Every structure is written in C-alpha cells, then in structure tokens.
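We call the chains A, B and C, going by the order they appear; numbering starts again at 1 in every chain.
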C-alpha cells in the first residue's frame, strides 16, 4: 500500500493546518538564514519553532481522534491541501 | 471516496492563484542567451539590482498592509537570467524572511520564491546551496523549448550557438528536486513545425506539465494559423492514442477555451502584480519596463522611496474587457481564452494607452480553438463521457 | 459631433481652465498668426461651429478684431480687460483677486474663477462677493493633484457656507448659478467638458489640440494642422462609455477633464482620485443644497432628488457595478 485515503476535513480545518504547516516550514528555513545565536531574532525564532511544532502535532492528534482516521505502524498521515483529503502513507 | 479525474491535460492551478500578491524583482538585465523571440530587447550588464534597493522595496511592501491586502505573496526573481545574481537573491530572501517574521506579517506564513530560469546555472554550487536553504518555498521553472531543433532555433548564445545541451543536462536534477515542476514554451512563427514533437519530447524528459504560449507580438505570417492547427490536431491524436492525457498536461488544451464572453473581466493581471527594477522603480509588470518596450517609454507606478502613485494604478484596476476590445472581439463566438499582454498592447497602441487591445493573435486563437474542440470531442467519444464545456 | 472651437489667440491668453500658461517675455510676439486665425474662422464657419476666443492680456489690433467678428463667438478675457471687451466671460484668478472697488462695476457677469489651493480658505468669502454681482460663476479648482484629506474637508465646509449664501439670494427672482453647486440640480445625465468630442482647440502655433491644456501642458500632443475630419486616435476613449469609472458615476456636473486624467493617471478615460473626491464633495453639497431649497418651497421642488450615497469616489464601487458585455454594447 503506497497511499490510502482515510478521511476528509473541512476547509476551515484545512486552513488551520495549512497555516501551521507553512509557518513551520518558514521557521525552519528562517533558521537556516539566521543560525548564529547572536542574531537579534534568534531567541524569538527558537521559541516560536517550539510553540509551532507543538501546535502542529496537537492538531493532528486532535483531528485523528475526532475523525478516527485509520493508523498503521510505520505509516503517517498526509493532507492534500487542494481537496482536504487525508491520506495514510508509509514512512520513507 | 472522491472519484479521480483521469484527464490531467489541463494541468494544475498555480499556488494561491488569485489570492497572492506577485512581486517581480528584476535582479539583472543581463542574460547568457540571446533568444530570438525574447521581449527583453535591451539586455545589458549595468542594470543590476542593489541589495539596498531590494531592501527598501521589501520594507515598503511589508509596511503597506492597508493598501496591499493580500495574505500571500510570491516574490518572483526574473532577469535577464536571475541565477546570474543568486548571491544577491539569497540575501534578499534572507532579508524578506527575517523582516516578515519580525513584523509578524501574514506573508511569513504564506510566501513563495519563484524563478523562471534558462537553467544554465542550475548545477552551480551557489544555486544548489540556495535551493537547499529555501526548498519548501521554491517554485523553479526551467525554460526548455522542446526538441534540440526547436530549442536551438530560438534559444541561442550571443555567438548563435544553441543552448539545448547545456540546459538538458540539468533537467534530471531539477525534476528530482521538484518533481511536479512545469516548463514554459514560447512559440513564434518559425517554431510552428516543431510544436507536436517538442511537447512530446518534454513529456519524455519527465516534465509533466508544459505551459506553452504563442508570442503576443505581430510576428505571424499568412498560413501560420493553418500550420499551427495541423500541429495541434496531430498532437491531440497522439495524446489520445497513447492515453498521455492521464499523466501529462499541456496548456494548449482547455475546456474553457472557445466560448463567447460571459464576463467582462480583464484577461491580464498587470497592475495587480508589481515589478521592481534595479533603480527601485515600480511597474505594473516587467512588460512595462523600458527594456521590454520597443515603441514607448516605460510606464512606472512609483518607486520604493516614494511608494506607489495610486492614481496610476486606477486604470489598471478598472480596466475591463469591453473598454479595450474592438467590437469584433466582443462579438466573437470563440472568444474565451484569447490572450493578450497589457504591456504588448501598450507598446503597439496608437496612443499611449493600455485601453487598446491588439488582435494579432486572432487567427492563431481560432486555430487553437478548432484543434481544442477536436481534442475534447474525440476524447469524449473515446471515454464515453462528455468532457466538453457546456456552452 | 463638434459644436464649437476654442481659439487661443496668444501664448499669454487667460487660462480659463485647469492648465497653466507658459510665461512669455514679449506676449505680442506670441500672437496666433493672422493667417492661422483666418483658417480657424473659416473652419468654424464651414462646420457650423461657434468660437470661444481666449484673449491675451493686451488689446488686439484691428485686423484681429475684424476676423474675430466674422464668426459667432464668445470672448473669454482676463478680468483686467473687462472694460475693453464688455459682454465677455471674465477670468478671475484667486491670487490676483480684484479689489472691492474693481468689482463694483460688475453686473450680471459670467465669471470663470480659478482658485489656487493656497486660497482655498478664502473660497466662500470670495464667492460671496462675486455672487452678489454675477449671473454665473464657473469655479475651477487649481492644483487638485496636491489636495489631501484636510483640503477636501475644507472644501466641503466652504461649499456649505456658499450654499447658505445662495439660498439667501434665492429669494430674488433669478438666483446666481455656481457651477459646482447648482449645475448638478438640473442634470439627469453626464454633462462634461467633452474635449475632442464637442470641441477642439486652435493653439497659438496654429495647430489643433484636444484642448488648450494639451498645448500648454503636453508638448507634442497636437492633432496636426486645421483641417476637416481631424483624426483623433483612440477617440472612443474620450467617450463616457469607455471610461469604466465615469460611466457608473452620477456626479453629472463633473468636468471629467481629460487633460487632468492624462496627467495624473496616464489615461484620458481614467479620472484621478482627487478629481472624483472633489466632484463627490460637490455632488453631496448639491444634494444638501437641493434639500434646503425644497424645504423653502422654491422652484426646485420639481427637480428630482439627488440620492444619498456611501462612497466618495466611484472607484470604490467599480468592481460591484461592472457592466456585462451585453450591457456595455447597449450603451
């Protein structure tokens, strides 16, 4: 099994996770630009990375409980932002 | 479970289409190539964007929240060839990220860096370092025109030598890094005989989405429309025969093409986007910059020091289809999808205006519509499903 | 269809609209050549055009006067020459406003009053003086590109004061007209300047222009020599139909100055934000003025009300009022 559709969420739920996903990526790539701990934004960035990662994981935990998505060991869920569909995918 | 559409020929929407602000930074007016159809008629080495200018432009854009209301942004880096200035681009992107984060601007949560490149420097270490640093926010389009014969007909070095081999060697790495990438093909009069084989060739190279356009300028010769139609019909036959529509897309074919006009919207997005040149001047898009124009002076909207002159934006934001089109276009039975470029219109108009639409493409559009009808009718029969647009 | 011809007799002719004239050292040398004047007059006679002659700030000699008299015409002259050319439309500049004594001789005149932005605070007091003496005042606000929020508010307040003055004078048999306040009352469609459509201009260089402003303000914008069937490229853009902002607007009295449009927005068919805001301040002042007139039971009772609107610039509603192609074709 390469990928299996396991559910669908609402557009507003999609917007929540999309924002967190984009922010998470943005923070990671900002970190690549800043790096030095002496940078004035460094502490704020590191703190934000922690907060955003927590929110991101919390969203998946809550939604998977709420919708009872199928889960399999060695697999993870992915979302198609265009269709709002959730897929179960094997870890690489 | 939603059913999957087996016909992929129309391609995907671009990221946040219609919801994002597109800002084009013209980082250099220089390019390694001298493509024969290129609208940038004044390439030079002196027009290079300085970091301080880019910085001012970004500060202005981030500051004007009440005026620039889009919650997403695409920073488009263009040239000339943008990757000639990859170090500068890297600094500009770093600055944008830091400032957007610092300001808690919505763009930090929704941005892309976009490139149209000739691909010659794609393998360069500096370019690769930049890519790995910004990978999840990049959209890179390498321009390859099709077969060697088609590509080298137009995309040549200053000494006339073709650039195909130097580009094609970078395609595998590009597709490995960005598997869903598309390319942009430009068709001028002399390219018509190569259309079919070029689209098929690009798909064979692994580029699944081919965006292909005919040039907007007045270059068309008698009979070009018929030759164009033959090529597209022949391409349609091959796509249907080999079921290529299940995996590939080509922008020549679209269900929405060839209907009478229903709405009165402008076709071009000039004015909703913004281009910034090396002096920090703002333009409605790159086609209004001096080096893109053959007959007219540049049309500026302002600059990064004084901001945008909103009076100059009013015509762009209120320009509609009817106010700029000749009666023959408004009465046309197959009007939808007929393209124009506001900058090319401005350059060719009888007076200094964006309200005069050229009709150079009329015959070419009609030829495209006939081939497009042929494709959808034939495919509908084959799949026993009516795929045609309802008129 | 052309209705009249403007003939600018000299580089020093009184500007009567939004443009500035060029300073000249010796105005007499800058007269429209007699040969060109003759051409202009013959052109007017052949095409049934009335002529508005814009007079210089000095007397003309007999040869000029004789030619001018050959056509139906109106003289537009600087205030200083009012005695030399009686029965003319007089141009008064706010920065050279006549002393009270000089105004004393006026009686039922038709005046063009050009107000500099720096004099905006004096608008009502100046107009109050002129309204007592004149039949009609055409107000031309200069420097509108420099108008900001405070100026707009100041203009609104000034018009309010002037409205009260006109209301008082309305008790008389023929109350005076003030273009920006009373024109809108009687209009049910656009009544704009219509340069290039209803009139053309012969400039001191003997060539045709859309209007004097295109001669003074935009070098190279000539339509060529005086001849029949003057080709105006993209002429349709001068028409209301081809202006997405103006065709949905009901500030019917607005000048829709194509010169200011071109200068500020780069397009003849697109008004600037300042032009629209000013015209809508005037529209609102006209609406309130009409209401008050009706309350006092005067003649205007028969006039249609001007609807109250929520915008100060029709640009704000273009998107929601966009015409369909079918409706566009019907215009």
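Everything that follows uses one rule, which is that contacts are C-beta pairs under 8 Å (C-beta built on N, C-alpha and C of every residue); 3 or more make two chains touch, one makes a residue touch a chain.
What you see is a predicted model, and the numbers here were worked out from it, not measured in a lab.
*Asks:* Is the structure still one piece when chain B is ignored, or which groups does it split into?
*Replies:* Leaving out chain B yields the groups A | C.
*Asks:* Grab the C-alpha centre of each chain and report whichever is closest to the global C-alpha centre.
*Replies:* Measuring from the global C-alpha mean, the nearest chain centre belongs to B.
*Asks:* Could you quickly compare B-C and A-B and let me know which has more C-beta contacts?
*Replies:* The greater number of contacts lies at B-C.
*Asks:* Going by the average position of its CA atoms, which chain sits the greatest distance from chain B?
*Replies:* Checked the centroid distances; the maximum from chain B is C.
*Asks:* Which whole number of Å gives the spacing of the CA centres of chain A and chain C?
*Replies:* 63
*Asks:* Where the CA atoms of chain B average out and where those of chain C average out, how many Å apart are those spots?
*Replies:* 45
*Asks:* Would you mind pulling out the distance in Å between where the CA atoms of chain A average out and where those of chain B do?
*Replies:* Inter-chain centre distance comes to 31 Å.
*Asks:* Inside the complex, what are the residues of chain C that reach chain B?
*Replies:* 233-234, 237, 242-245, 264-274, 315, 318, 322-325, 328-329
*Asks:* Which residues of chain A touch chain B in their complex?
*Replies:* Contacts found on chain A: 5, 19, 22-23, 25-30, 32-34, 41, 44-45, 48, 82-83, 85.
*Asks:* Quick one: which bits of chain B touch chain C in the complex? Just the residue numbers, please.
*Replies:* Residues of chain B touching chain C: 261-265, 299, 310-312, 314-315, 317-323, 330, 349-356.
*Asks:* Within the complex, which stretch of chain B touches chain A?
*Replies:* 1-2, 13, 93-94, 97-98, 101-102, 108-111, 133-137
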